[in-house]
Every structure is written in structure tokens, then in C-alpha cells.
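As written, the chain order gives the labels A, B, C and D, with residue 1 at the start of each chain.
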Amino acid sequence: MEAHKHSSASFTILRPKRLSDNAEPVSRLSHVPITSPGSVIPTEDHSVRARGTLLSCGESGNVLTATRAGVISRVNKLVMVMPLRSRYIPETGDVVVGRVVEIANKRYKMDVNATKHAFLLLTAINLPGGVHRRRNQEDELNMRQYFKEGDLVSAEVQERRKDGSVALHTRSLRYGKLSAGQLVTVQSELVKRAKKHFHELPCGVHTILGNNGFIFLSQTRKGAISLEMRRRIARVANSILALDSEFIAIGPDTIMDVYQTSLANGVEVKDMCTPDVVKSICVGARSMREAA
Amino acid sequence: MKEKVISLCEKNFTIDCIKANCRVDGRRISEARKASISLGPNWGFAEVRYDRTHAVASTTVEAITPTPDRGSEGSISISVELSPTASEPAARASLFRNTGSFIETRNCIESFVRDSRSVDTEALCVLAGVKVWSVRVDVHIINDDGNCMDACMLAVMASLMHARRPDVTVTGKEVRIHAMDEREPVPLPVHHVPLSATFGLFGGGRPFDPDTVVLDPVKTEELASNGSVSFAFNSQGEVCGVYKGGGLPLHIRSFEVCSKLAATHAVGLTAILKAALADASAEHPLSTVRPMLVDAEPVAMLAKKESEREKLAAPTSTWNATPVLDTAPPDIDAMETITRARAVPKNDLIDGVFEHENEDDQNEDMKDVGPEEENKMIVEKLIRSDSESSTEGLEAAIVPKKQRKERKTRRR
Amino acid sequence: MSKRPSGMELAKQPGTIILPGERMANIGDSADAGQAVIRIGSGVTQKSSELLASKAGYMRYEASRNKLWVESNQKRYVPALEDPIIGIVQDRFGEEYRLDINGSDTATLSMLAFQGATKKNRPNLGAGALVYCRVVRASKNMEAEVSCIEPGSTKSWSGGETLYGELQGGTVVQVSLGMARKLLREDRVLKMVGNVPFQSAVGVNGRIWIEAGNCEHTMLLSLALQKADVMRADEWQEFVKQLWSQSKK
Amino acid sequence: MAPPPKRGRGGGARGLEYISLDGLRVDGRLHTEVRKIRCSLGTLSRADGSAYYEQGNTRVLAAVYGPREPTGRDFEHDKAIVKCEFSTAMFASTARRRTWKGDRKSTAAAIVVQRLFEGVILLAEYPRCQIDIYVQVLQNDGGTLVAAVNAACLALINAGVAMSDYVVACSVGYVDNTFVADPNSLESGSDRPELTLAITPHSGKICSCQLVSKLADDASFESAMQYATAGAKQIFQVLEYEVKKYSLGLLDSRGMVAL
């Protein structure tokens, strides 16, 4: 029973998210070690098991099997499977954008697109006016003045505790409450870890690339946002969504590529979302990237 | 809904015991608990006990006009109730009775009995399009000490085999149903007897780990296991249904071990069922074709139960820390009204309550139901049965209409 | 009826079976003041000048502390001060564990309430862990509080020799409260259970932890204990002999 | 006198002849062949993981949300809980049928899918979390439970949930006293035996197995199991190819092959 050749799907309503679903990448990248759950991973005896794999003792000694679909990556003794898609896995030092979900005793519960809510302790935020003192009962009472439910906050992952819970902190002037801007949600793997996550795009849009896939766009200058600036922010947002739907790595350079291509092709901001326009823009951006 | 809290060391202990092939209550892995079946005085009333797991089933048969699309077929429907007395979580969950594990039991029994065609619905037809028999089996799980699936299955089959329907003569288009005491009632057309065996699954979740199967798990084993599989076989060794709802993935080898074990287990169970049916029909008081008078015999039976309770309640040696709480037995004349009420062949739990009283491990039952609830149950039954028997007269033998309608409304 | 200096004359002899509602003692009217203090235990209620039983069981009277109570046999444990009990850890909230003690409500066990535990060096109990502990606060309208600190003992919890603390291995047998109290008072039964060396911890809330070398002996012990709760003395001894002879085969 | 007995058990309502002389079934398949399968991963943008699965004319859509914070009060402190909802569209089968949220058939199917994946997903990796599986049947031509299990498996892989193995389901009918793999709605009448089997393909273990109604004495239970496992292996090849293609497609577009 040969595998079904996946002809371009005749059903139109449920077009798979990835437009180019032809089998071409399979042949080109066949050398990449791809696994899926349950498939056995060949291991030498001294290899050490890491994330994404499962050791079970079969009849012929213990067998290493993968638990996720992804790439097998071997770093000298370490064997692990890097999943291609999963919820955000917090690492210490990551810049994230979180949304306050609940205010518990002396801490804010933040949704950071991860498997569990992260905690922002009252002791880990800057009090207004940058005053430094121990938090007392009165601070606890007016916690809602600092952040309330639904607020967007940019923060940094302080530590991951043993039981899996994550602590954030906003102990620097860069971090704090975000206002007057737009939030775009993408897949967390697409945002590469870099030194700088706060970027001033040439088109005057200030972006915070959260590692957890929450990207916040706002205006660099203070004050009211002009109509032209709103249109620019919308165009940046649409180009980020285009990158996300084409699963292309998101960084200031790729965002600007798509932004310029969409301007060059004279595509209106509002019809940047239709699937085929997105496809053509991304292909254009990639060719420009390879040309440069 | 939080199951009974089981500590880690109890769980590990249960699993170690299974590895050493001597289970928590002394049985071997492939050994089931002894099933005891007692078929009640009324037709179709069966009570099954696996040590402490206790289920009661009762069948009612009724002539109804069939639905147009399946005019020539009778209908059989089974409802399984987890009564709040069964276990603590069951009591707490009395509001919504459809907890996950329980729905599975009900669907599973329905597929084993009805879909495996054990009762031939076509033979239940009196006159095509006019009158067909509708068989309804209601099962209550009184006390759940693990594996209530097999107890219910055995209770349903015992009740179906013991049930009788009134005789009927069809002349041309006209159908005449004889009362139960006019003509000898007719048993139901049961073709084969599917009986189930349930196994608890134990083993690590990883792909190549070995796994063990345990026949007829008790409550602690059920809590410590990660999955269960049920096989239904009849005594001819034909497989009538299999249900594994998920949980631990199982090796093909242990799957076959289970099916063989289930086949032999079914043969053993059928033998016990047949024995119970034989002695039930022998001493069945209602089988004599005499008008329904106050029958001296049941009163004697009650007196016998009375004397047994005295014997048990005699002062035990001081060492036994648990004195039998000698709640004062209900006074004699209250018992009189009960016997008169009993003449009407309706299956009221009241008989069940008295029967519990003089079971040999009476403390066992008192213990599980707890002294307060036991008193409450008896008083409640006394009040209800008195009101029923006094208000409506002793009508025809079939279940009085009022109660049937009331049962129907409660059902929907 | 004997007149007691304690200002109360008993209607019945201590040790007899008493039923709810029966008169246990008569206090006499409060006119002759200056009487000795009368302590009422569980199962006794006061109605004007009479003490009535509210539970069925044995009537107990302790002359020294002039205490009157009804010893009843039930499965649901009511926490009382200084009771040694076995709890199962259900969950962890902040600084406390929540224990199921087979009672009407859960009990709380502070993380520091272990022998020689400090903020840094304290036991880390997962859910389902078994803890042998002592009731330190028991009141009708508040959650019971338990602790694993034994007054007067200096050993640290990590050493493992302390009386209270986590119980590892073995199994737990659920028996009625009356049986558990009897085992605690005189362990004649425990000696007769089996001629195998085993450890045991008796919880007054009806849970008995036993641990023998291998799991078959532990299983036989737990069976014997469960049956001891329901069988009569002679039947039980015979059952135990037969149990052990079977296991030898 | 009871009405005349109906013509033989296998005759079926309209007396249709199910297997032609040269062994072909109603839709031209051999008795061991599975229907044509077309599926794709990541069809929904909002869900963490999603899959569209089509087996013959049965079309199913599965979405997975999680692992995330538990919504209700019942959560386990040391492992994740799996919740499943199974709903059939009103237009799914020939006659328009309104199904309420809690009706018997869909709750039964939901429980099977939930218990199934509780055995396969490594729940201990996500303590105090909840994984929601939603299955929507768009078109029903028999074997909706099988399609639902396969679609949910793809959606879980797409969501990156840790699983010890795939779960692949296949059903076997019994028509004109021969076993037929993957029966469509015509062949799986109500009074004919049907075996639905879900296995973990790599280790060949049985995750879930449901046999409805008595097997005739000559047809043995073991041969039915062999048919079902063979069918499941066929389906597994298609699923694995699809996941491989999807993963490589992602890698290719993301451009960062060596991470």
C-alpha cells in the first residue's frame, strides 16, 4: 500500500495552514534526522538521555524512543529531540510579554503562553518613582494600582523553581506596564533568542519581541499616534502574522523584509492577510534575503 | 470527583503483592472472588455478592404497543444505578451520577447483553404491530468494593433468567393477557448467557514495559491499577463482547491470556447461576397456582430471621471490642403489616433489607452502611411501605399501575 | 446508686452498654454550689440536671479526673487532643500539608512541625505519603492541627528513629475506632497476630500501619487484623492458626 | 404463532449482496483494504495543535488546547488530566439530526478517546495541567470513532504534547461471514458484529478494544484482531508520512535546519 501522494487538496474550505504542501521539501531535506513519537532512536551505549526522549527497557536491553515529533540533535553525549511546535518553555533570562490573569497574595499570576501561569512577585517589581524599600501591608493592599487584571507587562524570567513554576521580575527601567500599542501572538519557536529584544524598526515602530510569542508594537515617540503611524503599526503586525503563518523565523530583519516587499508590491495593508498574498510576499522576501 | 484517598505505600504494597502472585486479600492473580447469587421471592429479583461488592437487579416485563418502524420486535433496556450507599465518593456524587467510570460500566453492560442478542427480541413479539413485550432490567449497586462491572453483569443475567412473563393467548386480532395466578407464567426467551470477567491492568506506561493482568480486582487494586479490560463469554466459549476503554496499553500475549481466563471463568459462573436458579424455582412460594391469600409460610420465614438476629446479638465475650449494636428490633405488629403488604408481588427493597439482616457476616453489612443510615433506611422503608399498602388495595398481580407510572416518571 | 463526692450519682454502672437518650447520671440542682468539676467526654449531653448519652456504646467513668464519656464504635474519627493518628497527605498549601485523617474534615500539618526541622532542612512529603502524627489542636469549629514533634525527644526527623514522622513501606489497615483504641491500650492482639517480626504504628483514627519483611507476611498480617475487627475471639484465633499454616505450604 | 423468521442474519435490510463474486466490496475495495486517507496537520490557527482527517467519506476535525492551566476544579497535583469533547455536526449523516451536548453516543465516544490518550500521553511531564481534545465530525460514513482517534493523535503530535507512541485505530466488520477491514456505514449495520481496535504501532500493544455483538462460532476473535492490526498498520504508514512531510516543511520554511 504505497503512501498516499498528497495531491494539492481538492477541499477548499480547510486549506492546510502551510500553503506549499507539495512533497518537494521531503526530498531536499531527507538527510535531516526527523522522528515522531514512539520511533526508536539509535544510540551508542554511553549516550545520555535528554528532553523529548523516553528510555524503556525492551526485551533486548533498554531502548530509547522519541516522545515528540522533531529533529534529533546530538550534542557530544547528549541525545535529545527538539520539538518543532510546542508551547513556550521558559528559560532564565528570557524577555517575555505577559498578561496579568489574577492577583493572589503578594504576587501577580501572569499568562505567558506557557503550560502554567508565571508569577510576578510583589517584591520583584519596581515601585512607582523607583523608591526602594521593603514591601509592607499597605503595598499589598494597593497592588491593583501597579498592575491590574488584563494589563500587558514586559518582564524577564528570573528563575524556574523545582516544581516547574516560573518567577518573573521587572527590576529594570526597560520593563513595566505596556500601553498604547498592539499585541501580536505568534509561535514561540519562531522568535529566536537574541541579545536585544527591544527594537526600533526603521519605519518608526517600537517592537518588543517576547520569547513566549507575544510581540508588542507601539510608537517610539510619546504622545498621540497619528493616522500614518497607526497604518505603519498595522502593516508591521500583518507582516509578523504573515511570517508566523509561513513559519519563518521572526526577527527585526525578516520583519523589515516582508514590510518592504509588501510596500514594493504596493499591497494595501488591509488585504495583506489573504493567504495567497501572504505567500507571494514571503517568497519575495526570501528571494530578496538570498539576493542580499 | 476525588476517589477514595489511597496512600502511596498502600499502592506500592498492592503492586508488590501482585508481583509476588499473592494478592491483597490472599487470592492468586487468576483467582476470582466467590460469587453468591440469591434469587428473591418475586420473579426476576436477583441479588449478587462478590464478597463485599453487592448488586441487586430486578426485571419487569410489560406489554406495550410497539413503535411503527420496529413493529415485530420487543424491546429490552437496562439501567444501572450507583446507589449512594455504594461508597463515599458515590454518596458525594449523588447529584450527578454520571461519573466517567460509571458511564462506561453502563454502556459496557448494555452492549454485552443487548447487542450480543442474548435475549431474542423477535421472540418477545406477541402480535406484530399490536402488542410486544418490553423488558426492563434495573440494577442497583448497593456496596462497591471493586469490580462492580462483573457483579452487575451477573445480576442482570440472573434476573433475566429468573424473570417470568404472564401467559398470553392470541385469538385473531384480539390479545388476552392472563394474570400471573391464572396461568403458569412463562420464562423469557434467553438464548445464551454472556457473563463478564474484568481484569485490572498493572505495569509501567513505557512502550516496552511488561504488564500484568489481575482477575476480579478489589477496590484498592482498582485504585492502584491503571486501566481495566472486560471480556464477556458464554458457557459455549463464544466471545459475546470485549471492552477495553483505554488506560495502560496491553501486550497481545496478555490480551490472549485474559480471553482464555475469561472463558473458563464464564463456565464456572454459569454453573453457579444454574445451581441458584434450580433451588430458587424449587422453593418459590408464588409458583403454586392458588389465589393470593395471606401465605403462612412468609411469616414463618420472618420469625426464623427474628430468632437468628437474637442469636447474633447475644452478649459476646468482652474481648471482641465490637459489640453488635443491638438496635431494638421493630415491634411485632409493624412486622404484621409488612407481611400483608408482601402478598402483593412487587419487588420492594424491604425484603432486601431484612435479608441483609440475617446474612452470616451481618456485622459486615452493618459496618459498611453504618448504624445511623441503617436505622434511617429501616424507618423510611416502614413508613413508605405502610402508606403504599394502606392507600391502594391489592390489585391485579402485575405491578400496580400507580407505582409503574410513578417509576416511569422518575425514570425520564 | 452510689453517692459520689463528685456531686454526681451515676444511674448505671460504668462499662455497661448504654443507648442514646438513656440517663447516665444526675448532677442534682446547682443549689449546692462548690462541687467538684465534672468533665463530660464524647457522647454525653447535659439536659438541665441530668446527663444523657448521645451515642450508643460502653459507659466509661474515670473517678480520678471525674470524667464521664461514652466509648462508641464508629468509623468516622472525631479529632481529640493528644491522639496519635495516621494521616495521608492530600495536598500542599503554602507552608502546610493537608492530611486526610478519616475524619469529617482534613487536618493541617505545618512543614516545620517535624522533630528538629528548620526552614532549610525539612522533610519534603509528596501527596499520598503516610504520616504518623499527634493531634495538637482539636476544636469543633476549626480544622484539627497535627504535629510530628514528640515532646522530650531530641532525635532529628532525618535520623529516622523518631516515633512520629513519615511511614515508608508496609501497608495500612482500616479498622473500627474501638478496635484501634483496644490495640493501643493492650497489644495482646498484636502479639497473637503472627509469629513474624513486624513493625506497626497504631492510629486512633482507625488506621494501623504494619510492615513485615516481605510483602506476603505483611499481607497475612493485614488480613488477620482486618478479621480481628469482625470475628469473635475464639473464631479469630482459629482463623489465624489456619492462615499461617496455609501460608507455610 | 410468531411472524415468519427473517432471511439469514447477513441479508441486511434491503437484501443487498455485500461482497461480489470476485471478492470486491460495495465500494470496490478488497476485504483487507482500508479506505483512502487524506489528512493534514496544523489546519487551525487558534488551536495549539490541530488536524484534519478524512477516511473515505468520513471527515473529522480535531483540535488540541493545552497543556494549560486547569479550567475546572478537578486537577491532579502530580500529573495532567485529559478532557475530551466529541460532537457530530447536524449535517454529518444523510438525515439532519440534532444532537445535544450530553447525548449517549458522543459521551461514550468521548470517554473512549479520553481514556485512550490518558494511557499514551506522558501525563507526569505536565503536573497540574489540563489537555483538552475537541473532535468535530463533519461527515459520517461509518468509523467516526476510528477517524476521531487518528485525528486526535495527529493533533496531539502537532501540539507537541509528549506521547510514548502514536495511537492508530482501525475497525473490522463481519459481512457475509467474512471479516472486512474498515467497514463504511453500509457495511456496519446495527445487528452485525464489529470490532474497533486502537494500537500503539511501534510496540504493537493494544490501547483500546471494543467488540460489539456475538461473533458466530466459526469466526474466531483472534483472526478479527489480526485483520484490525493489519488495517491499523496500513493507516500508521500514512500518518507517519504525513507527520514527516509536515515537520520537514516547517523546518524548510523556518530556514534554521541545524538548531
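What we mean here is this: a contact is a pair of C-beta atoms (placed from the backbone, for glycine too) under 8 Å apart; a residue touches a chain by one contact, two chains touch by 3 or more.
All values reported here derive from a predicted model rather than from experimental measurement.
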C-D compared against B-D, more contacting pairs: B-D
Intercentroid distance (Cα basis), subunit D paired with subunit C, Å: 53
Whole-Å gap between the CA centroids of subunit A and subunit D: 32
Centre-of-Cα separation between subunit C and subunit A, whole angstrom: 56
Overlap residues in subunit A, where contacts from two or more other chains coincide: 38, 54, 56, 65
Where subunit B touches two or more other chains at once, by residue number: 206-208
Per-residue multi-chain contacts in subunit C, two or more chains: 126
Graph class of chain-chain contacts, one of line, ring, star, complete, other: other
Chains touching one another, given as label pairs in label order: A-B, A-D, B-C, B-D, C-D
Touching residues (chain side subunit B, partner subunit A) in the complex: 204, 206-209
Contact footprint of subunit B on subunit A as seen in their complex: 38, 54-59, 63, 65
In the complex with subunit B, residue positions of subunit C that touch it: 17, 56, 58, 73-75, 88, 90, 100, 126, 128-130, 167-172, 176, 178-179, 181-182, 209, 214-216, 218-220, 222-223, 229-234
Partner subunit D, residues of subunit C touching it in the complex: 91-92, 126-127
Interface residues, subunit B side, partner subunit C - complex: 5-14, 16-17, 20, 22-26, 316-317, 319-323, 325-326, 361, 363-364, 367, 370-371
